[in-house]
Each structure stands twice: as structure tokens, then as C-alpha cells.
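Each in C-alpha cells, the structures are laid out below.
Shared between the two complexes below is chain A, which has chain B as its partner in the first and chain C in the second.
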Partner chain A sequence: MKKKRHPIKHRLKDFGLSLCFLSPSLLGVGVFFIVPFAVVVYYSLIDGVASRHFVLLDNFKRLFANSAFRLAARNTLHFSLLAVPLAMALALLLALLLEARIPLKSQFRTFFLSPMMVPVASVVLIWQVLFNANGTVNELLAVFGVRAVDWLQSDYSQIVVLLLFLWKNLGYNMILFMSGLANIPRELLEVADVEGASEWYKFFAIKLRYLSPTVLFVTILSLINSFKIFREVYLLSGAYPYETLYTLQHFMNNTFESLDYQKLSAAAVVMAAVMVVLIALLFKAEDWFGKDVEG
Partner chain B sequence: MKGYQRPLALLLALSLVFVLSACAQSGGESTETKPESVGTVYTASLQDTGGSELPKDQSFYGTWVLSDGFYGSIYTAVGQTEGGIDERGEPVMEEVYEERLWHMTPDGTLRELEGYRGFHGENTHPDAEGWTGLSTVTAGAEGQIIALVQVDSYWSEAGEDVEPYSDEWFAGYQSRHDYYLRVFDTASGEELENWRLDTAALPVSEYSDGQAYVYDMFSLGDGRLLMQSDAALAVYDLAARRFDGVLETGDSFWINNVSVQSDGTVLVSYNPAAQEGGSSKLSTLNVDTMTFDQELPFDGYLYNSASGTGDYLFFYRDGNSIYGYRRDTRNSEKLFNYLNLDLSPDGVGTLLPQEDGSFLAVYNEYEVLPVHTLSTYDGKQSAGSTSTKLLTIRPVPASEVREKQHLTLATQGLDWMTQQAVLRFNRSREDVHIDVADYSEYNNEKSGWTAGATKLKTEILSGHMPDILDLEGMPARQLAARGLLLDQGALLDADGELSRGEYLPNVLDAMTEGEVLFAIPASFAVQTLVGARRVVGDTPGWTYTELMAALRAMPEGCTVLSESTDRAEVLRVMLGLDMDRFVDWSRGEVHFDSPEFLEVLQFTRDFPEEFDWANYEYTEESGDEYRISHGLQMLASCQLYSFENVLYYQQLFGGSEDAFTLIGYPCTEGNGAVMSVFQTYGISKDCKNTEAAWDFLRGFLTGDYQGSGLLTGFPVSRAALEEKARAATEPQYFTDMDGNALLDENGEKQRMAISSYWDGERYREIYACSESQVRSVLDVLMNTTCMMDSNDAVYDIVTEQAQAFYAGQKSAEEVARLIQSKANIYVNEQR
Partner chain C sequence: MKKKHYFSRGAIFLLCLVFAVLFLLPTVLTITNSFMSESEIVSNYGMIFSTTTGGYVSRHVNLKFIPDKVTLEQYLSGLIKSPEYLIKFWNSVALVVPIVILQVAIASVAAYSFTRWRSKLRDAIFFFYVILMLMPYQVTLVPNYLVSDWLGILNTRWSIILPGMFAPFSVFLLTKFMRRIPYALIEAAKVDGADEWQIFTRVCLPQCRAALYSIALLVFIDYWNMVEQPLVLLKDADSQPLSVFLSSINSGEIGLAFAMATVYMVPCLLLFLHGEEYLVEGIANSGSVKG
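Right, the complex of A and B next:
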């Protein structure tokens, strides 16, 4: 007679076994991400490492009243609003171009991917040589009679950093889009061609819908990378760059140096919360936009 | 899943978990301190020496440690000789000293090796004079003692009828140094034999005078010695009396230290690429091939090392702590700290480790004035006497040690006076013990020379604030602003014997952040500028405009300060002086776009970025005295650590006691002077025993300590400062050895000149400060409100941006605008 398997026991056993396999990763994520973040949240709710009295939202109130934080948040938002859509649009455009039959396609692909392999310090060095007050760009402009611009110490500095961001990230985004484009069912596009659909219609009605998961992924990635631009800006301009380049990471880095751990933790919690909300919204948007094409 | 796959996968997952949990194990390269084994602590005990008595007023330091105890040389008075004629025409008798070799056994018995006496080496020249000194001592293979003696001799070939030490005599000057090995019988102390060491086989350093200098000598235990010279390590065969193997080090390859272990292992700490800024290594040396064998991971220099016992390959000293280098893990473990064992670190000689884990050493301690604490110390004072004792440090179960409350004093290097204060406090209290945590022990070539400071700041950040914190090099104001430091003003006000009014209010104000007096320094010094009174006027403090007007009235080509004063120094001082004007911390406003700041930029532009010290050659014309007297320089930088410092400026500005004014740096308000403070210690708000911490710190403020004359700079106590001012106006006199004043031909006490000046015809001596000079210094001291710790972040922002102005790339206004923007961000971050 066949032995009857108890469904709950079986599930529990499977669950336990899964936990065993997951435990190394869970341990790593816990120790290196979850626990530190919990400590950060804790620090954002106390008044100091010495006394450790709970002050609930006082640190957050102090944070929002701080003009340096507001400046940093504004700059970060501004840069992300500029950089992320541009990165996506340009990467998609390049992917579409490279999808078409053009000569030297492979070489173009390598060309756009190569910035990813260059170390940050080298990139920064090149940018400094180009955009220094006495740099190459100003010398070129002088040839055309244009007055020299202090690129990194003026309102143009965000443009310089934006260019750096796009140069560094376009390649990878492009590859992701190319992969997404390759997964669009050919039959649908052929049917559209047969039905006489225009290229615009095909792009918006078919390609873009099928690319919606890729678009979501690239958006999130670009958003994260737009925060990481701190690294290049710090190497270019130090802890206190020009006003428009002062981002949340600068604020957090500097408050760490000055031992203001409560302010730092509160800023980190705020940033994390904003990121969670943003990404949740993006997921929702993708759910709605790509609902027709998902199985 | 197939039958074997599931268990195999489970096994792999478990192995991964175990590997992850073992990830924290450190590699062999790091130097770590490990807490003492649970339940075991080290204790120190002292015992009086036995055997022979040391010569009067002499101490035995046990410089060289062998297995049978400690050896050291003592210069002993053996008679007197005529040293010259005094002003009365009478002969001056001087003591004649000779070097003696002494030995202390591990049980503390002292004796002199009488066979060591009266050695002068072979006759190098009939007229040769010179010096003989014991370099080092080691043990022979058969238990003898082998001493390396250096004999320096000099003479002149100029001829017998030439007056000694005349120019002609020096024209024929010759010198040489020789080394001798002297072998003594350990039991009787009698010399068995001696011979000259032939150093011709040793390479010569290009920086020497053509002869090799032998620094050290170690017994290899097999009839050979390892010798270290200035350009080589070499093996010397005692039987053959010649060098067998040489490892040439040259001048770029530095040997830091050599240590020979009891099992014959030779350890060498060296820097193979010193000239290229390379880092040091530690390796074993194969003495047969004279090559390095095995490199050991080690971050130190092997100073004061001792042969290892038990689990340790060797022991060494770093700062005031002793470490053991483990044989198994190749890591260093901190064993104990001398201060925490209530020992004066300067008084402990080289250790002799014992097999039972204990250590022996020779210990000498000075009794130093003044008495420091109000607690149960017996108050006995002695005038600088020392006593030699045998020190034993042994591990004992923690339960055997009396329970005391431990307070931590964190520092990056304690000055000697504070070390003595810690010792006195700990010896006087039965209930509390101050443990010194010296974070400079974390500094080394590999981790960097600020590793200790970073570690301390990180620990504070993570909530491990020490009970007492040495504020030297720490962001004291930030810590106070975060509420981490106790208000010592409240403690001072509650003190029954000390009161706030006793101390200079400007110094206390400078150490106040908000309402918190976060530290009270024991002493302070002041930096200002000095100028001729006829040029700068007689009132301290002036503006940039006034300075430029005075400069324009000077001869063409006149500079403000000396040629070596660089821009960074001036900028830092001027920023510090006017920081309150440029930054309003309470409102979060900055004013770097103000005309006053533009003046600072203009003023500092004329100073050199840095002075080329590498190619600098001093000439009379480059000194301040010449330049000021010839109208080439208007002002001089002045560091005031004592009232007598101003006498130099009397000399510098023309001789009259009122010839100069302490005018200060140009600033918008104040006297233009900045102060530096010393011995500043903060008490943590969470200090385990505030009463004890205050009891310790208040000792730096008592009348005894403030008036002790051992402070760096001026005392913060008003009474002590006034007493010091009064003493500065009294001349000092020459005295004999018993302290009696010497008299001149008129029967008057002979005054001692403390300075002199050129009056155009001859040098005039100065014997004391005048009343007006003392008053002018006091005026500056009591009215200086600015501290020399201008905010580093603001300073960095200013200097970074100002470079473009100094290089002529941007105007002062453009640079000021940028600084304004960045400083504004910084200041608002701090709110």
C-alpha cells in the first residue's frame, strides 16, 4: 500500500531544507545589510551615542530644518530627474540604432561599452584635464573666441557631471535594451508590418510595451547609478564641491566625518524611504503599462 | 532528487555556513592587540638590590641583558684633578670619572666586575688623547662575558711646539677610533684577554670618516659573534679572530634592529628600500650564508626586543607597552602597559623574560616635584633622587588582584608630566585606577601614522567614549557640542579649594563651547608678531590697512616677515584670529565675501607658498637680526613660552627695553595673538567615576603644580602667572655646587646674563626682564582670546580655493564667492 504523505509536514520539511540552503545568503545579507540598516534606523531615533535616549522624530525635524540637507536633496533630485530619463532615452535610441543594419555595428557596441571598463580615477583624471579652467575644452573654445568657463566651479558643473554620467552608463543600459529588443516576438512585428502599422506605432504599441520590464530595470539601475555619481564628484571636487554638485551623499559623508551620526542616520533613512516609494511607484507603473504583454 | 544528491547538497550548504563563520580570522600580516587571557593579569613588584652598594648618586640601568642577568656601565668618581683657574686665581678641582662595568643577577645582587678597570687600548700616538667607552656586552660560548670597547683618540701632526687647540694645531688634526674585545670571567670578574678588533674587512659607509663604526654585538652561542656596523652585518669568529661573513647594507638599506634569540635564531628588522620610502620588514637571518631566510609579518621595528619564551617567538616594546609575537599565529599580542602597572616607563630597562611567563628588569625611578594630588599621598618630596631596584612582572590570576574601579584615559601619547601624574594618582588611590589607552600604538608604516587617531574617533562614534580623553589632536569642540564632554566649570565651581576666579578668564572662555567648559588646560603659550615700536606703534592689535601703511613707510624691498615664513602659516593664524567674524555658527552664516576677508587674501598672497628648506644655507644676511636692522624685514614672528622670550626681541629691535611692541597679526578685533594650550583633558559625560576623574585632573590646577616651573608655557593660574612675572624681573646668579651664590672681586653676587644685544659698539648683557616688558607680555597673555585650532574644514576650503587667486587665475572676489558658497554649506551642515 502506498504511504500517504502528510501535506503540511512535507511542506514544513521542504521549507526547513530550503532554509538550510538559503542560510548562507540570508546570513550574509543579514549581517552586512539588514542588521546595519536596523542600527542606522536605531541611531536616527536616539539623541546620541553617549546617552541613547529615544527622541523619535526630533532628528528628522532637525534634518529637514537643515539648509544643507535641503540643498543636497534638491540637487540630488534635480540631477536624477535630468540624468535618468536622458540615460534611458539615449540608451534606447542607441539600442534601436544598433538593432538596425548598420556597418561596424560590433565596433560601435564595443565603443559604447568600453567606458564601463575604465577605472573611476582614470575617468576623473581625464575629465579634469578636459574641463579644468585651463583645460582642453576651454582651449578649444578660445579658438572660436569663446570666453573660458570655469566648468567645475560654476552652474555648468552639473552639465559636466551629467555628461560624465551618461558617458559611463549609456553602454550598459544600451546592452540591456538590446537584449530586451531581441526578446520581442518577431511575429508581432511582422503582423504589424503586414497590417501597415507605422514605425512609430510599432515602437510605442509593441516594442515599448514589451520593453517595459527592461525599462523598469534600467530606470532603477540608472536611479541607483545617479546616486553613485558622488564618487566621481568627490574625486573631482572634494568634500565641498560647487553648490549645484552638492548631493545627499556629500551631506552624509561630511556628517560622518563630523561625528554627527544622528543626522547622518536620519538622512539615510529618509533617502531609503524615498527610494522605496519611487521604486514601488515604478513597479506599479510597469504593472499597468506592460499588463497586456505579460503572461 | 537522487538518493545521494540531497545529502551532498546539504553537506555543501553546511560547509559554506562554517566557512562564512570563520571569515573573521585575521591573516598573518596584521598586528593586533589581544586582551589578556580571561582570569589572568600582570602585576609588578619591586625589590631592593643586594650585594655591593652603588657609588653615591649613581644608578644602574642594566643596559645589556644576558641569560645570567643585567650588565651596565657606571661612571664612577675616582679622584680629582685641576680643571683650570677661577676668577680669584685659585685652581678649580674637577672630578675624574672612570667607567666601570657592573652586573646584577636575576635575584637582584649587584657587583662590579673589577677586572674592567683602566683600559685604554694600544698606543695610537704618543700625544694621543681621547675617550674609552663600553659599547656593548654579550656572552661567550663558554659562559664568559665579552665586552666591545670603543677607543677614540685624537692628536695633531703639527709638531710639539705648537700650542694645543690652536688653528695650527687643528691644521694637523688626526683622529681614529678602534674597537677592542675584552673577555672576562663571569665568576671572578677578572679580565682573561683582550685584543683589537680588525675592522678592515667591514665595508665603510659613505657618510663616515673612512672607518667602520660598530654599533652592536650579539653572541650566536657557537663561538661566533654577530656584529652590526654602520654599513654591514658581519659574523666574527672568536677563535680565528676574523670576520667570516658580511652582509653589506650600504646607506639605502637600513637595519632598524637585530635580535638574537636564545635558540640562536637571528631576527633582523630592516628597510631594504629606505631611500625610496619603502617600508620595514622582519626576517630571520641565515648567519652561515648571510642572507635573509624567512620573512615574518610584522609592523614594528623590533625596538627593545627580548628573546621569546613559551608561545612567543620574541617580545618587544612599542611605546609604553610590551608585546609578545606569537609563534603560531605570527601575530602580536599586547601583554601589558607599564603605566597601568604603576611603573614609570622611562625607568624600566630591557626585559629578561623567564620561562614561567614572568619578566625581570632593572628599574629606576626619579621622584619628581611637585606633589600632585590631594588624596592620601603622603606628601614626601625628594629632590630628584633615584633608586635602582629589581622589577618583576608576573602573570597572576585576576582573583588575586585587589578590585579597583578602572577609569580609561585615552590618549595619542602622554607627556612625561601627565605620566607622572597618573602614577601618583594610581599609587595614592585604593579604590580607583586610571588605565592609559595609548592609541599611538596603532600607528605604523603600514596602517599609517594617523591610524590611532582614526581608531579613537571611530570608537567614540560607536559609543565607546573613554572616561577621560586627551583632547590633543581631537575635535574637542565638536565633542563638546555633541554633549559628550562634561562641563568642568561646574566641577570647578563645586570644588571646595579651587575656584574659577583663580584662573585666566580668557583661557577659560577659549575652552568653552556653548555653556560647556570642556577642558581646563594646565598651561598655554601665545604666538604673535613683534615690530619696532617706532614703526608699528605701542599698542597691540592692528588692521591690515594699518600694516600696509607701515610697510609702505619701510625701505623699498622690505618684507613683512622672514623669508622662510610661508603662506600657510600666516593664513592659518589670520583665519583663526577672525574666525568669529567670518563665521557665525549660531546663525549658520558666513561672511567670506566681506572686505575683511579680501584683505586676508591680499595680505597672504605676498608670502611664499613654501620655503625651499632643502637648498637653504644660513648666512648672516638671511637671519632676522640682519634683515630687521637693515630695513629688509618689518616684523618677526614671536612664540611666547616664557617672559624671557621677549628679551630676544630687545636684541632684535635695537637694544632698548621698550624698542619693540607685541603688535600681533592684522585682524579686525583683538590683539592679533593666538594661544596654544597644553595638557587638556576632557571628562566623558558617562564617566564611571566623575569624582575620581576630577580628583585627577584638578591636580594640574593646584598651586603646587602651577608654580612648579615644569609646565610648557605659562600657567593658567593667575597667582602662578604673577609669580612667574615677578621672578622674571629678578636677576639670576651663579652658584656653586652647594647652591651658594658666587661673589665677584667686589664681593657682589655674580649675575647670570640671560640674553644680550648689540648697541652698535658692543654687546650688552641682559640679566632680567624689565617691569614694562613683563607688563607688555602679561597684557598680551591676558587679552588673547583666540585659540590656535582654527577649524580645519574651513581652513581647507579656504586654502584650496585661494590657490587660484595666489596663482593669478582668479580675482579675489571670485575666489571669495566660491569660498562663501562652500563654507556656507559646511557651516550649515554642522547645525
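Right, the complex of A and C next:
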């Protein structure tokens, strides 16, 4: 009743209150992220911090012509296309396995989550012991007569990093899928059982459909984490790793070290733009799939 | 029929067991290797890390779980003989604890705002937070550096703490969690005459306990292991956190690295074991992208 009598006053009051609660965060985000990012965009459009002439797209043209950037972009794309779907499929598999009535279920869950706790430095140490030219993996393979490979300095290097990525992130993704599976209406699965549906049919026609919001969420998280794996790669093989491991993060880090702000800003803007488009598409996809499940 | 069921369950159990061993391997290795003596470490891994301290070096790398002789030598030399590690450990604590507390506090207030008042503008701001959350650190590297420079806080702890406080990650997760609180609860409190602050502190926050714990833990783990930020923002070697320092001693003193990594793992492990149920619940409830 009251709302109808003072609509404007109420809306103002609501606006004021919401701003009160939001302002600490918004202020900080503004100072530490928005304003500086605007400066980055500005930097990407001028020719140098000293002369400050607008050159519009010149920096971007220079960037796309840069062979290191092209290599880095290709590798980043390649790794994400490999890592994200694999992280999804394997995590879903683990979640499905843990649906079975087996002993030690909650212990398994703890074990699968445990890699989250391990300090980056010791992960890197272990990976070196395993995949060094004189490492354990080569020792094991030597039994089968396979010749030693310096894994991180070979075309297999991306696979080594992929294993590290999966090891680190599968547990978290698995928990997300487990909760997604738990939210599927039981009646639906029971009806399918009564009708004599096969496990495969139940999986593809029922479970996967209801999991679609989770699938999208896991996609996004895995994408973030596939970028974060740079930290381990950097510690494993430095600023200039084997060619296939050289990602956009390396490119930006090295450009930062050499103080080429124009090139770096342009790269940051390109990456941000790609991310915005990608996320907008994923949001749209969730809308679309969400309707599908509700309807 | 029943027999077949038992068979498949057994197979699944075995498969899980294999996965569990693979997942636990690095953790267990770190811990057991931390109790080895330096000479044993050198003889086992000398081939890889080419430590030139002399002594016997095995021609083959020797990945071992059980030390020949259990010793606290590494812990003693890391923790007692030189204060370096303790200082670095303290640096980590001094960076991470304020970030976790302040980020969760600021985020919970912001999340309440995103939950209680919805409009096109506020949803757009929320979308913006999501985008920001997804950016790789290297994209925010320059902005971060610039702001620290302007504010004159470069090479101080604040250059890491301040941006960390406002990172949108926990705003995102908390908002998603709060939007699941039944509106009736808030409405009831309002009828009883509670103002917004009372609704927030007495109704909303108690409902979010699991989420707050799990988010705090996730933020803690993330910043406890940070490497890039300190390398860029703290040029002074003495103020680096242990996460950076640990990575730089890898090739020199392997035995020490295992022991210190184990020490470094302890806070994470304690928090994890203490609140695993909360953590799982918190992760599980963040299930979809939009609120």
C-alpha cells in the first residue's frame, strides 16, 4: 500500500540504500580496476606515453603482425580448447562414478579435492621429478624400451601441463557436477527405470539436460583456471618456455618487463574483448538451455 | 543380475581407488620427502637438480615414498637455524589474512545489495563484475601497476592488499548464494520492524555461514599461492611471501623445499579439514552462472 502512495520517494530511498551497501565495493573496483582499465584502453590508442598522439588502430595492427603474439594466441586457444572440455568430461565421469553405491565415498571426495591444498611450489617440484629428462616417467618407460624424452622441452610439453591442470582442477569441478546431479528430480529417473530405459538413455536424455547450467558454469571456471595455469608453467620453465607452452600470459608478462606499454595495452584490450564476447555468448546459451529445461 | 551389480560396483571402486592414488601422490610425496636427510635427497634427485654439494648421486632418479632414515634435519635448518623462512612465512600471513577478511566483508555487503535490489542498471553492474572476475591476471597487470604507482604504494604490502580486497570473485559467489535465501525470511523481518542493516546482519549473514566459510577458504588458497602479483608489485626480496620464495629455492636445496612446502601446506590443510563440509556445500551452491 505504502509503495503506491510514494513511488518516487520509495524508489529514491531504495536507490540510496542499495548504493550504501554497494558503495565500498564499487568504489574500490572503480579505483583499482575501472579507471586504470580506461587508461589501458587510452594507452592502446596512442603512440607513446611521451608524445601521446592518437594513432587509433596502429598498435593493434602492429600487435597482429607480431609473430610472438600470433604464436601465443594460437597456443592459448589450443590449450583452452583441449583443457576445458577434458576437465569437464573427466570431472563428470568422476561425479558419475561417485554416484554408485561404493564404500569410502566421502573419503574419495576428500582425496579428489586434496590437490587444491598443495602449494604451487611443491607441485612444480614433483612435476619436475616426474617429467625431467632423467625423471621418474622416463625411468618407468625405459622398462618398456621407450627412449628418454625431456618432456617439458618437447612437443609433448602441453600434455604435461594439461595433466597438471587436470590434477589440480578435477576435484572442484567434480563437486559442482555432484551437486548438479543431486538436483535432478528423482521421480524422472524413477519413471525412466520403470519404463526400462537404459543407463545411456538416462544419461543423455535426462541427466545431461538437467546439468546444462552446471556445464556452463564449469566451462567458465575451467576457462579461468586454464589461464591461471600460467603460474605453474612459468615456475616450471621460465619466461621463455618451449614453443608450444608460450601463451598470451607469457607474451604480456614479457612485454611488461620490456616496458612496451602500447603493445601490452593493445594485447590486454584484445584479450578483454574476446572474453566479453565469450561470456556474453555463454550467458545467452544459459538462457536458451535454461528455458529448455523449464519448458 | 545381482552378481553383475556387484561386479560393476567393484570395478567402479577400483577405478576410484586408482584416481585417488594419482591425486594423493604429489601431496604424500611432498610430506614424506620432507623427512629425508639432505644426503638422501641428493642421492635421489641429484640427477635432476644438479646440486653440487658433493656426496653420492644416484645415476637414476629415485622417487621414494619412505625415507631410509626419518629425520627432522630439514625442518631444523629451515625453521631454527635461519630466520629467513619464518620472515617469509610471516610476510605471507600479513598479506593474505587482511585480504581474506576484508574481501569477504566488502563482498558480503555488496552481495546483499545485489540480492535485495534488482534493476537493469544493477544487473549490468553485476555482469561487469563477472567479466572482471574472469580476466587473467596479466590483463589487470598494467592497471594494477599504474594505480599502485599513482597512489605511491608500489613496493609496499598495500599494493597487493588493496586490489585484493576489492576482487570481485567473492562478490559473485556470495550474490549467487544470497539469492537463494527465501524472500519470506526478509519480508518477515521487515514486518517485525527491522531496518536493512539488521536484516543483513541478523537474517542474511547467519544463512550464509557455509558460503562465507567456503569463499574465505577459496580466497585464502588462491592468495596463499600467489606468485605473479608479488613479483610485479614487490621488488624488494625481503618482503616477498613464502609462495614466491619457495618457488625460487627449487633448484638449490630440494630437501629444504620439501620441508618448507609441507610447513606452507599446514594452514591450508587445517582449514580444509576443519571446514570440508562447508567448502563442499559452498562450492555446490554456486552451481550456475547467473543468479
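To be clear about the criterion, the second predicted complex is superposed on the first by the 288 of 295 C-alpha atoms of A that agree within 3 Å, B and C clash if a C-alpha of one lies under 4 Å from a C-alpha of the other, contacts with A are read in each partner's own complex, and residues count from 1 in each chain.
We adopt the following convention: a residue touches a chain if its C-beta (ideal position, glycine included) is under 8 Å from a C-beta of that chain, and two chains touch if they have at least 3 such contacts.
The shown structure was predicted, so the numbers you read here are calculated from the model rather than taken from an experiment.
Engineer: Looking at the overlay, what does A:214 touch: chain B (first), chain C (second), both, or neither?
Structural biologist: Only chain C is touched by A:214; chain B is not.
Engineer: Based on the superposed arrangement, let me know which partner A:136 touches: chain B (first), chain C (second), both, or neither?
Structural biologist: In the superposed model, A:136 contacts chain C only, not chain B.
Engineer: Have a look at where A:189 lands relative to chain B and chain C in the superposition and call it first, second, both or neither.
Structural biologist: In the superposition, A:189 contacts neither chain B nor chain C.
Engineer: Touching A:125 in the superposition: chain B (first), chain C (second), both, neither?
Structural biologist: second
Engineer: Just to be sure I read the superposition right, which of the two partners does A:77 touch: chain B = first, chain C = second, or both, or neither?
Structural biologist: After superposing on A, A:77 lies clear of both chain B and chain C.
Engineer: Is the number of chain A residues in contact higher for chain B or for chain C?
Structural biologist: Per-residue touch count on chain A favours C.
Engineer: Does the superposition put A:159 against chain B (first), chain C (second), both, or neither?
Structural biologist: neither
Engineer: Have a look at where A:242 lands relative to chain B and chain C in the superposition and call it first, second, both or neither.
Structural biologist: first
Engineer: Now for A:259: first (chain B), second (chain C), both, or neither, which partner does it touch?
Structural biologist: first
Engineer: Where does A:66 make contact in the superposed view: on chain B (first), on chain C (second), on both, or on neither?
Structural biologist: First partner only, chain B.
Engineer: Hey, what residues of chain A end up touching chain B and chain C alike?
Structural biologist: In the superposed arrangement, which is not itself an observed complex, chain A uses residues 17, 20-21, 24, 28, 134, 261 for both chain B and chain C.
Engineer: Can you list the residues on chain A that touch chain C in the complex?
Structural biologist: It is residues 14-15, 17-22, 24-26, 28-29, 31-33, 35-37, 39-40, 43, 94, 97-98, 100-104, 107-126, 128-130, 132, 134-136, 139, 167, 170-172, 175-176, 178-180, 182-183, 213-214, 216-217, 220, 223-224, 227-228, 230-231, 234-235, 248-249, 252-253, 256, 261, 264-265, 268, 271-272, 275-276, 279, 282-283, 286 of chain A that touch chain C.
Engineer: In the complex, go through chain B and note every residue touching chain A.
Structural biologist: Within the complex, chain B touches chain A at residues 6, 9-10, 13-14, 16-17, 20, 457, 460-463, 465, 475, 478-479, 482-484, 588, 684-686, 793, 797, 800, 804, 809-810, 818, 821-823, 825-826, 828-831.
Engineer: Please name which positions on chain C make contact with chain A in the complex.
Structural biologist: So the residues of chain C in touch with chain A come to 8-9, 12-13, 15-16, 19-20, 22-27, 29-30, 45, 47-49, 60-61, 63, 106-107, 109-110, 112-114, 116-117, 122, 125, 127, 129-147, 162-163, 165-166, 168, 171, 196, 200, 221, 224-225, 227-228, 232, 243, 246-247, 250, 254, 257-258, 261-262, 264-265, 268-269, 272, 276, 279-280, 283-290.
Engineer: Give the list of chain A residues in touch with chain B in this complex.
Structural biologist: 17, 20-21, 23-24, 27-28, 48-52, 66-68, 71, 133-134, 150, 153, 238-243, 246, 251, 254-255, 258-261
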